[in-house]
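One chain, chain A, appears in both complexes that follow, with chain B as partner in the first and chain C in the second.
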Partner chain A sequence: MLTYTLKRVLQGIVTVWFIATATFIAMHAVPGDPLANQRATNEQIRQNLEQRYGLDRPVTEQYVVFLGGILRGDFGISFTQENRRVNDIIRESFPVSATLGILAIVFAAFGGVLMGALTALFRDRVPDLVIMFLVILGISVPSFVVAALSQLTLVDINTWLGFSLLPVAGWGTLRHMIVPSMVLGLGTMAYLTRLMRSSMLEITSADFIRTARAKGLPPSRIFLKHQLRNAVLPVVTVLGPAIAAITTGGFVVELVFAIPGLGRYFVEAVQQLDYTVIMGTTVFYGGFLVSMVIVVDLLYGWIDPRVRLE
Partner chain B sequence: MSVAIRFSAADFEPAVAGDQLQTSSRPSLSYWQDSWRRLKQNRRTVGSLWAVIALGVLTVAGPWAWPVDPAVQDVDQISQAPAWPSSALIVPAYTPWAGITATPTRAGEVVANLRLAEPGSTQAVRLVWEPVAGAAGYVVYRSVYDTAPDRALGLPIGEVLGGDRVSFEDRLDLEPRGYWYSVVVVDENRAEQEAYAVLAVDLVRTVSAEEATLRGWVEEGAALALGDRIELPYHPLGTDYLGRDMLARLLYGARVSLFIGVVAPLLFVLVGVVWGSAAGFMGGRIDQLLMRIADFVIALPFLLFMILFKIAFGIGPGESGVFPMLVALVLLGWPSTARLVRGQILQVRQEGYIAASQLLGARTGYLVFRHMIPQTMGVILVTLTFAVPSAIFTEAFLSFIGMGVAPPTPSWGSMANEGIRTMLSHPHELLFPAVIISVTVLAFNLLGDGLRDALDVRMRGRE
Partner chain C sequence: MDEQPQAYRDPMSRTAVRQLLWLGAISVAAFIALMGALAWASSITGGSAIAGRAIDFDTGTITRALAQEPPQLDSTRATDSVSIFVLGHIMEGLLRYDASNRLVGGVAERWDIRPDGATFWLRDDARWSDGQPVTAHDFVFAWRTIVDPANASEYAFILYYVKNGEAINGGQMAPEALGVTAVDDRTLEVEFERPVGFFDKLVAFGVYLPVREDFYRSRNGRYAADTEDLLYNGPFMMTQWVHGAHLRMEKNPQYWNREEVRLNVIDMPYVTSDTTAVVNLFKDGSIVSATLGAEQLDDAMKLRWNIGRYSDGSVFYIDFNFRPERLTSNFHLRRALQLVNDSGELVNKVIALPGYLPAVSLFPVWLTGVEGPFRQEYPAPVVTPNLAAARQHLELAKQELGVTEIPPLVLLTGDAPIANKQAEYFQNLFTRTLGLEIRIDKQIFKQRLDKMTSGDFDMVAAGWGPDFADPLTFGDLYASWNGNNRGRYNNPELDEQVRIAQNSVEPRTRMDAFGEIQRILIEDAVQLPNYERGLVYVEDPRLRGVVHRSVGTDPDYSNAYLVENP
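Right, the complex of A and B next:
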């Protein structure tokens, strides 16, 4: 187990280095002048700015400085927001994104398991058909459309009620979080529902279910103890990729609902070509995703020893 | 399934040697024939296949069947909802109006007898009212909603100062619809009084003969009499916030969205197949190296790097940005197919018939093309089908955050993005692109599901 852990962590570090290098190369291939947005009106100011951002040094040296900064956990200063460190931006906005993501995953996991179990329980009857129709919608409708439509609906509901049941946009209280996290988790929930349904149906015909029935267990006990528990296992294994999907899906939801999360900062930075923020956020996100994958892999290795041998 | 079989005495006659010694119960079917047979049995899959074909036809033939330029703005019909063709009434050219002045004869605080000096049209609305004693002036408000007692009056569109002027002419951006005009009295300090008068006005679209010619609605030199009705350019699905035809944009957008959605997966699946089969077939060091590279690329956060690559490639003036997106999708998309194909090849290599074929003297090329690729073809096809919706989603997502194709090139994603800004007042601008994206993605998803079932080797020969 220790060797396996070390191996995975080492691989993760190399991967993060690769992500950082790819980011660096991509950003230095961007056409145009990084200081174009700045007030580099004369030669002296331009020189000072270049010195401040280290643009006067050769590219290889910039690369070394960039990597050194990552090692120290320092991503530099923003290009467009003066005197604002990228670290501060991440420190302020990442908890918001993480909260949103965790809520979305919780919603998706519970909703998916519950709905999947229901569809299997009511196979080919009305609840099954209704839920599967919703699942197909959830998979086929882009998240920004769902976000926009839910916002519209919310406006109508609030108008009809005459008071604000749930806020339409913004961030702060739990009431702000409910709708965005549901929208964010919807796609994953649809996917999990499908997975749960097929794994439930597979288990229904398993031998141990027949045995349980033969020995006279009440159906509710068979359902909860034998069927549900076993069917949930494959669902747990796809939670890793689901985290990645939800993290990036957060961009859209944060934009539409005006949530001050990291995704929104990233999109804004991209639109304003804020080099340091783009590089810092990408490496941070990459590192976060890689460590999530490692954690999930280690969990698998712990649950299922066969994985470690690969 | 039980089948009632009826026997007759003839069935129990002894068979004569040489006469139908062996007959197979069903014709022998190849893998593809069998898959096709099973695919046809699934109604959902057949339906989605038809939908995909229809989308393809729409993409190829659409702009040809509806030859309206998607970039042309119809400034008279901006954000027009889908409607029947509209027409305009020919009227004399606009002549300036001096307005009306009157001295107050009547005491009171409310404007009385608010009326139109002449029938309202989109050319001009001319309001007249009875003067109020002691009024220093009047403020005119215009609203597109009914100004019920507790509602707002709308926008203040004009002020008439000096108590003796009792008329107002509105020419500001008039559309053929209903308006509610309110006239409020103001005192010497320009303070508005409580009471006001409201007039509901329904406008008809009018145009002068010269103007109609100028805008190209009629041919030059066409005989137009006053009171004639002329047809305006027709937009079956309405127009967007810049007055561009929605149908034309959807059809051209299909070319962009489906081009990216289909060509990018084709390319990266192809790269993945070559990469994966090379790795799987050669094995050893090369396999290790190739798959390590694939692992790295897979670890890149997909959407972040799509965006990074998009900026890195840049979009020059006059370019649509379709090509950079294609390249970025291929660069980031291939590794998952490569992994899959490598796994399949490794599995197939273990099969007994490969060894048997090798024993019979088959060469490598023969093994690959006759045995291995056909064996993995089903999996590749399914991957391809599922890659299409995700590529369409990626395009839509990038266009949504403004990193997609550059305007004015229409794509479904950028249309949805533009539609979201006006969704409260003109929902059709969001609805149409959203629905067509969803239908396309749904069709490809269902087709993928059906293909996966039909091509599944384990299902072979089943009903």
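Right, the complex of A and C next:
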């Protein structure tokens, strides 16, 4: 178990290094200039800026400086917010994104498992049809539409009630978190519901369920211990990538609900060619996702004792 | 399952549903508990944005949204409109604009501008937020910092009017050589590099704000990074700044003109560039104002909102590439395109947004000339669309270029929705009228700039926002030495007029020169004016006295006040 964990961690480090290098190369290969602005800077001002950001040095040297920075855990200064360090940006805004992401994942996982189980139980009957219709909607409607629509609906509800039931945007209190996290988790929940449904249906006709019934076990025990626990395995497997999708896909939701998260910086930095923020957020997210996948893999062994890690 | 008897399935699913309901209840409870825990955790780490309603009369508070986090509140390095909006409230320069957009004294109570320099006499009650007086030394320090190459300020060129500014910025002289001295605490003496006829407008601009040296040095490179890293001398001071989330300004009790400031708090707990979200917040009564897009306009009309419009000062146009290898360097080809261009049609039928004006000149309508509006004193030569004449010019162009057909022309454009509409309109227009093939090259901002600078285009949809309220901010754009002249237009006749405008202090001479520049640009078909951008906004009718500007602090709440029953 220990050697397995160590091996996975080493693999993870190599993966992050690879992500960092690939991003560095891609970033410098993209046409455009991080210092370019609408207003053409004269040669002098340009040189001063290049010196400030070390862009006057050869690319290989920049790469070495950058890798050294990662090892020391220092991502440098932002190009667009010149007196802020990338570390500060991540430290301040990642907790917000993480909060939003955790809530969205929990909402999606609980909701997906419950609804999936429900649809399997009522296969081809009304609850199944209704839920599966909503699932198709949830998967196919993009999050910016859902976000805008739910915000508009909230405005109408507040106007109709005459007081603010839930805030329309902003961040900070419990009431601010409810709607955005549900919107963010909706797509994943729909996906998990479908997965859970098919996995439940497969399990229901499995031999060991038949055996359990034949033994005369109480239905509650069969359902909880044998059916649900086995059916939930595929869901756990996709949870890793789902966390990836949710934490990095929060951009639109953060924009619509004015949430000060990292997703916004992640996307805007690319548009503005803010080299240091691009590198910082990519390496940070890369490391985060790799560790999530490792955690899920380890978790898998715990939930399913049949999977014995080498 | 199908082969199982009905009687067996039912108790099974009943139990299962009951269990699922239990699980559901437990997970809802767990979800809420988790949210509570996270909300508590995030309130400990700071960064809570507890939003109030749009207006609170008891505390004199207004709430509004911010389009983005101000990237730079260090006035020696700020360049963007959000930072300049905040700086305009928390800082004050030598001069400022009043509620009716006239230049009035700020920190300076008297001033004298001569062809070779200027003197400013500072008022004795101007104070920093820590109670110390604002002195002439604070301006000297700030201006030296701006031109210091180590500071790498993008706006350093605006201080090239001050003696030795350019040489210092180029590293040939020490910052102390800058032509600005504090004769005593309350007298600031400025020496010019060359005559400048609009220095009063320049010192009202964000870059020329004061910075106190001892405070700046005590922050160790973190000046303006957080609320406590700034000193304020404007009508307001920043009391809360959670990056990317919340910015709060409160009335500055040390401000010399505090009696005139009637709002107590400007609270900005929402930071988003999503206009729909901002309109939703306004609709919800959470904020006092919102900028409207085309899609929200009908709704706003129906709800009978208090709609206002103003020009944001910028002008958009098609620029040509004058590099000799490009076809667009041919006058007759440009003239042909100019003769089918109709900015009225573009603005009224294609863009169709209120507040937008068809542009007929590089110089927008809001600029002031000698006494009245520049465009009234110097009307732009009229170009009436004329298809027959356009076709004649096209034939001449083909002869001169020695081709039977004009090869496809590349129109470089941005990725905003309006840029799309605009590009497609021109593609259609030039094909329909002149039979030209136009290839649209759509690029995101930085890539478009890159292509513009390297000259990889025939035509480009470009625009310009003013840096200060003088026609020169537009007038020198096509000077052969200007880095913003990305099409490399080179005309000694125009260069001569730009030099006159730059070196004279006589208003009549300068405006005559701008009039000439306007004529040359149109007669030589140097660019095709498209539109002057307008902004449409809604505002809470209980908020009065907000000033919107084409240049500088916009909007300006310094003179705003609240009325309970409008």
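Observations on the structure shown:
Here, the second predicted complex is superposed on the first by the 273 of 310 C-alpha atoms of A that agree within 3 Å, B and C clash if a C-alpha of one lies under 4 Å from a C-alpha of the other, contacts with A are read in each partner's own complex, and residues count from 1 in each chain.
The working rule: contacts are C-beta pairs under 8 Å (C-beta built on N, C-alpha and C of every residue); 3 or more make two chains touch, one makes a residue touch a chain.
As the structure is a prediction and not an experimental result, all values here were calculated from the model.
Applying the stated contact rule after C-alpha superposition, one finds that A:R123 touches chain C and leaves chain B untouched. Between chain B and chain C, it is C that contacts the larger number of residues in chain A. In the superposed model, A:A190 makes contact with neither chain B nor chain C. Looking at the shared chain after the overlay, A:T99 reaches chain C, while chain B stays out of its contact range.
Contacts of A:N83 after superposition on the shared chain: chain C is touched, whereas chain B is not. Once the two complexes are overlaid on the shared chain, A:Y285 sits against chain B while remaining clear of chain C.
Look at A:F18: by the touch rule set out above, it reaches chain B but stays clear of chain C.
Within the superposed three-chain model, A:S140 lies in touch with chain B and out of touch with chain C [touch as defined at top]. Once chain A of one complex is fitted onto chain A of the other, the partner contacts of A:Q271 extend to both chain B and chain C. When the two complexes are overlaid on their common chain A, residue A:Q44 makes contact with chain C while staying clear of chain B. Residues common to the contacts of chain A with chain B and with chain C across the two structures: 30-32, 148, 152, 155, 255-256, 271, 273. For chain B in complex with chain A, the residues that touch the partner chain are 295-296, 299-305, 307-309, 311-312, 314, 389, 393, 396-397, 400-403, 413, 416-417, 420, 423-424, 427, 430, 434, 437-439, 441-442, 445-446.
Considering their complex, residues 1, 11-13, 15-17, 19-20, 23-24, 27-28, 30-31, 34-36, 38-39, 41-43, 45, 47-51, 65, 69, 71-72, 74, 77, 79, 149-154, 156-157, 166, 169-171, 221-225, 242-246, 269-274, 276-277, 280-281, 283-286, 444-447, 449-451, 453, 464-465, 467, 482-484, 486 of chain C touch chain A.
By the touch criterion given at the top, residues 30-34, 36-42, 44-45, 47-49, 51-52, 80-84, 88-89, 92-93, 95-96, 99, 102-103, 106-107, 110-111, 114, 117-118, 121-123, 148, 151-152, 154-155, 158-159, 164, 167-174, 176-178, 181, 204-205, 218-220, 222-224, 255-258, 260, 264-265, 271-273 of chain A touch chain C in their complex.
Interface residues of chain A, counted against chain B in their complex, comprise 15, 18-19, 22-23, 26-27, 29-32, 136-137, 139-145, 148, 152, 155, 244, 247-248, 251-252, 255-256, 266-267, 270-271, 273, 278, 281-282, 285-286, 289-290, 293.
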